[in-house]
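Let me begin by presenting the structure, written as structure tokens, before commenting on it.
Chain IDs A, B, C and D follow the sequence of writing; residue 1 opens each chain.
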């Protein structure tokens, strides 16, 4: 039974209802993991993680992947609605002034190639608006780790953070855990997140969705933004 | 092939060479993930995460699991050697003074039952020495998140952190990411870490081992402690 | 003129209007420091710093001081109103499990005597309500440094933090700087804050009031709490 | 009149033995504040705070001050020796992509004028070496607050931080408190630190020197660097 389900994962299928139902029929479900839904609060922000050329563009060693173009285009659509409704948008990338400034990555490319002001560090123009977004550099995996992001959200009264970007099993996951830890209601936007391989993507949805965040789709976030406007929140 | 490998995972077998080889023959390996080994520095510390009754003891809703007793006994053995050689040991648990103090967990039990001074919060006596260890409470998943742990390690000149405890796909993983982000050399001790389900355990080793930490066994850490003593470090 | 003012400071008089006006007639005022007022937002919390026996009770080496009893009684009055109106209250103390766990204090007493569960660490019963307040231990000067305080405030939608406690030129100041840095509107409640010596108390109001926080009195905070209730915020 | 007062202050400054003796003959000394000396460890780093044109150059509203040129030239001398002996140097400035990204400063100029890539944000060329130093942006007062600085020091095994820059009673002080809180041995280099007004400078040395850091002169740090080299540390 489990083997069959995992085989489905390997085929890279999106997490459909049947799969989701199955995941919960397990030891974690029996213990009550995932039994609560967080839900949106009253002040949403969008966090876009690492949609920078070094990860997006397949001409770079760490760039591209089968889920990337879909995640980018759905994020662009979500951001368009968000900016129109004055929802705060934070947009970050990873970069270092030198390899000596990077932590102990096991990936040679990150410390060696992701230099401040390099092509690898440049945000994809489809997802950034430098006049609107709060744009910042980060040095770790999480967008919150030793960056001013939490303070920015506090100042703007944010209580809910919807996360998009890449890589799901890396910086997205680390950012979702920190968003949760900082007390925010956290939404991982699954169809706006890209992984190099669909399996770790699904594994992340499973682990994060059980503990820290609601797993949502771009259209749910868009509907939420529009409904908040109607409600006058 | 993949199905067979995953079937092996489900049997809860330790990650053997064949499996490891397989994991790396993939898109992540092609991109250079995991190609670097971090290695031990000159000053090691052991971090033990959440070996508290609420997670260890199967009589509690979130307690127990097939990997728990092995992880506890190997951790106890590792800690015995560590304390004998004056290696710093940090030992933490998650607890809250009230549900209002907890972040938005999706697991009802954590916010409701893990009260400061409760049985759920009590560290397992096999892995804690209150006269030797640095014992502290945490409120998030990561042992580093908004706790004095990094400062404790800085004061004691630590450059390498070996992590044990539970749950591998939850607090162990979050702690390993933060240890890496704080600039420490990070070792995830796989046979001292327990998950409710072997699959997320293995997924975590795969994701973390590619990016943030070396995946090691208790005996390697013990050998390292003994060799540092011989070397007079 | 300045000399006279400083003489007034030395007498430990509260900062009156004339004095305040004078302070601003200086090089800092000319540069525009202090020209903005922060003002209250819509969701206030009270932070009480280190009103623990080791600092409050004159029978302890670091305890007591000429401003202590007044600061305690005004804080108790403020907290009574706050709790009545369901304003969040956070209450902290500094303590360590061992001297090895403390950072490099230049004060022998803190690392040596302020032990977890000691008399020195016990909060003064006049200012704490364990059933209502969020009570937590801290290891540094700031109540925010590596503690879950910011996350607690985020979860409860707090945008304004009013700070009371001791010592003004030590932990109060460090906490006010961090509250500001985290993006909160920050109020230093001068007549609820105690220093061993009135001079550093006044110096702190001057430095902090120029940069990071409004300097207010307990009655202003009380009036604000009551007006927010009337306004239905 | 003010000049006379400042002259009085100046008679007390630089903090000579008589002044120091006086400060300590007080209620704080009686309580044991300042009785411990921290001392240098084995791995020093220099932290240079906010020597950026907006604070250094008197043609900017917040720029200049009577202590600035001395602090800059002594810092440049210290850094020259440090770089020659491969001592890590961290160099930061405060800047924002927009006023919306700044916390609630009471100083109009900081949020309004200190823009990323502006003249106000540009480091003084006398104290920065972009090929050697770790250069980073900060958003708060402290150089450690939500920046990768602590991780950089951890990665490079630093145990002692000597702090220079401006303004003593603002960002220097906040950085010294955080350096202490993070577990580092902290040295405030008094003759490499500049304040707009000598009085808050001295008040800061008094408050910080009692609690968190040794107050040292540039020549002591230089001698320490040279002696460590001789000792082969």
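In this section, contacts are C-beta pairs under 8 Å (C-beta built on N, C-alpha and C of every residue); 3 or more make two chains touch, one makes a residue touch a chain.
Note that the coordinates shown come from a computational prediction; the quantities given were computed from them, not determined experimentally.
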Legend entry - Interface residue identity across copies chain B, chain D - same or different by half: same
Inset, instruction - Overlay chain A and chain C by their C-alpha atoms and let me know the rotation angle in degrees, rounded to the nearest 5. - result: 180
Legend entry - chain B and chain C, separation of their C-alpha mean positions in angstrom: 37
Legend entry - Sequence positions of chain A contacting 2 or more other chains: 103-104, 139-140, 146, 150-152, 155-156, 181-184
Legend entry - Category of the chain touch graph - line, ring, star, complete, other: complete
Inset, instruction - Enumerate the contact residues on chain B facing chain D in the complex. - result: 41, 150-157, 159, 181-184
Legend entry - Residues on chain C engaged by chain D in the complex (per definition of touch): 1-3, 6, 26-28, 31-38, 61-62, 65, 103-109, 139-142, 145-146, 169-170, 173-174, 177-178, 180-186, 196-197, 200, 203-204, 206-207, 209-214
Inset, instruction - Name, in rising order, each residue of chain C that touches chain B in their complex. - result: 97-98, 100-101, 103-104, 130, 134-137, 139-140, 146-152, 155-156
